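Have a look at the structure below, then the notes.
Chain lettering (A, B, C, D, E, F, G, H, I and J) follows the sequence in which the chains are written, and residue indices restart at 1 in each chain.
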Amino acid sequence: MADPKILETFPNPQPGRDYLIEHTHHEFTSLCPITGHPDFAEITVQYVADKICVELKSLKLYFHAYRNEGIFFEEVTNKICDDLGALLKPRRMTVISRWMARGGFTSVISAEWRPKKQRRK
Amino acid sequence: MADPKILETFPNPQPGRDYLIEHTHHEFTSLCPITGHPDFAEITVQYVADKICVELKSLKLYFHAYRNEGIFFEEVTNKICDDLGALLKPRRMTVISRWMARGGFTSVISAEWRPKKQRRK
Amino acid sequence: MADPKILETFPNPQPGRDYLIEHTHHEFTSLCPITGHPDFAEITVQYVADKICVELKSLKLYFHAYRNEGIFFEEVTNKICDDLGALLKPRRMTVISRWMARGGFTSVISAEWRPKKQRRK
Amino acid sequence: MADPKILETFPNPQPGRDYLIEHTHHEFTSLCPITGHPDFAEITVQYVADKICVELKSLKLYFHAYRNEGIFFEEVTNKICDDLGALLKPRRMTVISRWMARGGFTSVISAEWRPKKQRRK
Amino acid sequence: MADPKILETFPNPQPGRDYLIEHTHHEFTSLCPITGHPDFAEITVQYVADKICVELKSLKLYFHAYRNEGIFFEEVTNKICDDLGALLKPRRMTVISRWMARGGFTSVISAEWRPKKQRRK
Amino acid sequence: MADPKILETFPNPQPGRDYLIEHTHHEFTSLCPITGHPDFAEITVQYVADKICVELKSLKLYFHAYRNEGIFFEEVTNKICDDLGALLKPRRMTVISRWMARGGFTSVISAEWRPKKQRRK
Amino acid sequence: MADPKILETFPNPQPGRDYLIEHTHHEFTSLCPITGHPDFAEITVQYVADKICVELKSLKLYFHAYRNEGIFFEEVTNKICDDLGALLKPRRMTVISRWMARGGFTSVISAEWRPKKQRRK
Amino acid sequence: MADPKILETFPNPQPGRDYLIEHTHHEFTSLCPITGHPDFAEITVQYVADKICVELKSLKLYFHAYRNEGIFFEEVTNKICDDLGALLKPRRMTVISRWMARGGFTSVISAEWRPKKQRRK
Amino acid sequence: MADPKILETFPNPQPGRDYLIEHTHHEFTSLCPITGHPDFAEITVQYVADKICVELKSLKLYFHAYRNEGIFFEEVTNKICDDLGALLKPRRMTVISRWMARGGFTSVISAEWRPKKQRRK
Amino acid sequence: MADPKILETFPNPQPGRDYLIEHTHHEFTSLCPITGHPDFAEITVQYVADKICVELKSLKLYFHAYRNEGIFFEEVTNKICDDLGALLKPRRMTVISRWMARGGFTSVISAEWRPKKQRRK
């Protein structure tokens, strides 16, 4: 499974301002855990950095690491959200995955990161 | 008539987070109850899961079961909303049907699911 | 002038829910009351039904009845809004007309229906 | 300079309703006051009429009158807003100008009309 | 590094109104500070002027001055925001940079300018 | 039925050159001869003028004259081709009609004008 | 299986001219003969009529008759081509089917009708 | 009337090769010679240079010179073709003008330049 | 390496006609043989079948088999062309691969299959 | 000036077949030799390789080398054509440059490479 230790960071160049960073990866692919067939998605990560930002090349390698993993749409979106949230501890963050046509369906999953104490029990 | 017993579910992988799931079926077809002519629509189901999620392949089969049913736009949209609401008991859910051109018209019907007690009498 | 008596209705199949119905007619045409030249528009009717819904084929015939009428953009939009409001007594309704290029202009008129007592004097 | 006296009006056919009128002129052109080169824009006027509406053909002639005037983007947008506001005394009004590519730039200016007493000193 | 002294201004022609000015430069290019490879972006500056407006040709030259600078996406967006904010002291301002595909990614950075006292410590 | 006598002409300004003239009318409407329902089309006339050209405003009025005529797609396309061919005696001419969605169908009819002797017996 | 006897014809209104007729049905659906799952296509019929033309409403009913038939892409395209060719004996005809995404694939099949003697043995 | 003496040229940098040059002006405007109303077009000049090429800035000024001229679509297209042909004596050249919506019509005129001796008498 | 033995076939249902079959796979992915990074392409196979057709599901599995292979754009396009040509012996066939943005580039490779004797030595 | 020695090659993997290779660079930029302002283009190279192919990364670096060169549209297109032709000696090759809006103009230059003996004297 994609290991969040691949991810690298750099100091937020302007921590005095709440500004929005959005990276969209157009070439995400993983496998269906039931059939083993490939799934394709576009993954968007939007966040307001606190102390650190994610480095783009390491984010690409982290996404590539899902290439041969069998994982559900809902699960992978939440895992990316959890991994990046735990690493960056951003002021706020949203992860959105948009999945290509599969059996006449397209799907979109979007999850918002919140510090643990704010979460629904 | 499409039987909601076709629908299968799986446990919500991240019940601690209110995240949004959206499935759009691009190939819905049913029949006009008056003329018997085919109608075509795109159906979007957006919901925040509570304990369970709907399994995508069973949702496809449930939608296919309308293929030879005569049913009005307004009725089918509300039936899908009722069936999925009763099954999933989601935190919130919206069902939107977008109908192809018919006599120079296109139509969109959108219904939001709410627990019974919250509904208008 | 288009007679609202052409319009037919059917009982709202789900009056317990406030759900949105939207019909867009892509082939509306009337005449300019000054020059007699044809005008072309797309008319959208969005409403939350109360007890009754408008039947789509009769709505088409009602719109066709404007074909040879000379009437201004602002007037026809308000008349459609008044006629459908009086007939359906919807929980809420908006009528939007989008007019094709005329002398380098496109125009959009949108009117919201409200019960009489709520209106501005 | 374009003279607002060109503009003609007609009585609002439905003053009992706050409905929105939007006219977009796709063929606006004026001159750069510095270089004398032509500028091209799309001008949108959105308003809620009070007692009177602007007549569309006279609005076209009023816009044509800028054809050979040297005037800045910011100035012309405010002048149109002032001229139409003074004439129509609308319940509310917005004027938006969208300027074509000039030196690798596109520009959009949008101004909202308010009665004088409400304005910032 | 791009010197904000290149920027020229002119008096706001309508300071009595809070109206929105938006300039989008479609041809921004700088260099990656790590690899030295060129990056390409579209930069949008939206602001409500107070006493002065930025002159468009000088803004173009200011953007051209980044052509051979090595600078990160996050840093350049914040620098443009700081430079224009310090110069124009606008009532409000947002700077948005949209970066072309790089390694399967597109990125968008957006920063809002606020007077120093309002900023997060 | 639309009378070709409405059509006006002017002398070809450059008869020494075989150049192509193409007029597309985006707002053609006629009636279905069986149901009486309106049909909508886009009509393109492409021709190489010989001695005379068709005047655009009269062509518009000629097309408007079909507004309340019941006529088939195939027939109206051929009639326009015959009427304009007989009037203009062009070096060559094509008439194309593109019909909006009707019962899930769109249709395109295209006819080429030729002097009578060249036609198939 | 769809019976070509459903198809109706009318006399070609202009047999003296070789003009092109094209009908595109946007709502074709049949079943996969192996899985029983629905397939969706857009079917285009282009032809030069000889003595007769196909009537559009009967063509729609003929296409509807495939709704619950299990048939391959290649086979249905050739059958439509054979049925219409045998009925219309057109001067020339092409049938094109464009199939929606199925397992990450889209497909297009196009067949040209020729009198039997011209065919490859 | 636009004077071709405004046009400047430079030597063809590669006369040993027949390569294609295409300039499209997106902001052409002239006046209708009958009504005086503005017309808007996109003008494309495609040519294979022989000894000289047209300089782009002078071509812009030449097109600007039509701004207040009353001239027909067919005439202006042929005049541009004649002026540029006489100046450049290209190996071949085509001029295409695409005119914006006027009374529900769009028009395209395209003329090919040929040395005089090749023209139709 | 993808083994053409995965491919299955079925008899051409209409060998008496030269008709065109086109399958486009929108989700092809392989690896760069130098960097190991994933590449993404759309692969189109167009052919006129002789005795047999390729079965679509087996074609999908054959394409999936490239997922973890390092192979150049030019090589994979030619290999697919060779494999399918050798299997189907079609009357004619073209294979086109369209590669997503990589370092600011997109690429298209297209190869036509011919029986060996017809090839250039 | 961009030095063609930067370009690297690899052996054509399928020299027995005339297949088409097309690379499009979306991020070409050079300088106007007169004003020094940046120009932006999309460059397409299409060729049929003979013995060697151009390596994509070196082609990118070769294009980057124009970043600070002042050069005309016509000249740079021909130079790329000459450099790649001399290097690859392809069976055939076309180079197309598409230039972004400059003063209301867009331009396209396309040049075909031929062995010297075939060229026009």
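Here is the rule we use: a contact is a pair of C-beta atoms (placed from the backbone, for glycine too) under 8 Å apart; a residue touches a chain by one contact, two chains touch by 3 or more.
Treat the numbers as computed from the prediction; the structure is a model and nothing was measured.
> Tell me which chain's centre, taken as the mean of its C-alpha atoms, is farthest from chain B.
Between chain B and the rest, the longest centre separation is with H.
> Can you tell me which pair among D-E, E-J or G-I shares over half of its residue-numbered contact pairs with C-F?
When the contact pairs of C-F are compared with those in D-E, E-J or G-I, E-J matches.
> Give, as an integer number of Å, the spacing between the C-alpha centres of chain F and chain A.
57
> Could you put a whole-Å number on the gap between the CA centroids of chain F and chain H?
Those two chain centres are 28 Å apart.
> When the centre of a chain is set as the mean of its C-alpha atoms, what distance in Å lies between chain D and chain H?
Whole-Å distance between the two chain centres: 33.
> Could you tell me which residues belong to chain B and also touch two or more other chains?
26-27, 40, 100-101, 103-104
> In their complex, what parts of chain D are in touch with chain C?
10, 12-27, 49, 53, 56-57, 59-60
> Give every residue of chain A touching chain I within the complex, in rising order.
26-27, 29, 37-38, 40, 64, 67-68, 100
> Can you list the chain G residues touching chain I in their complex?
72, 74-75, 77-78, 81, 101-112, 114, 119-121
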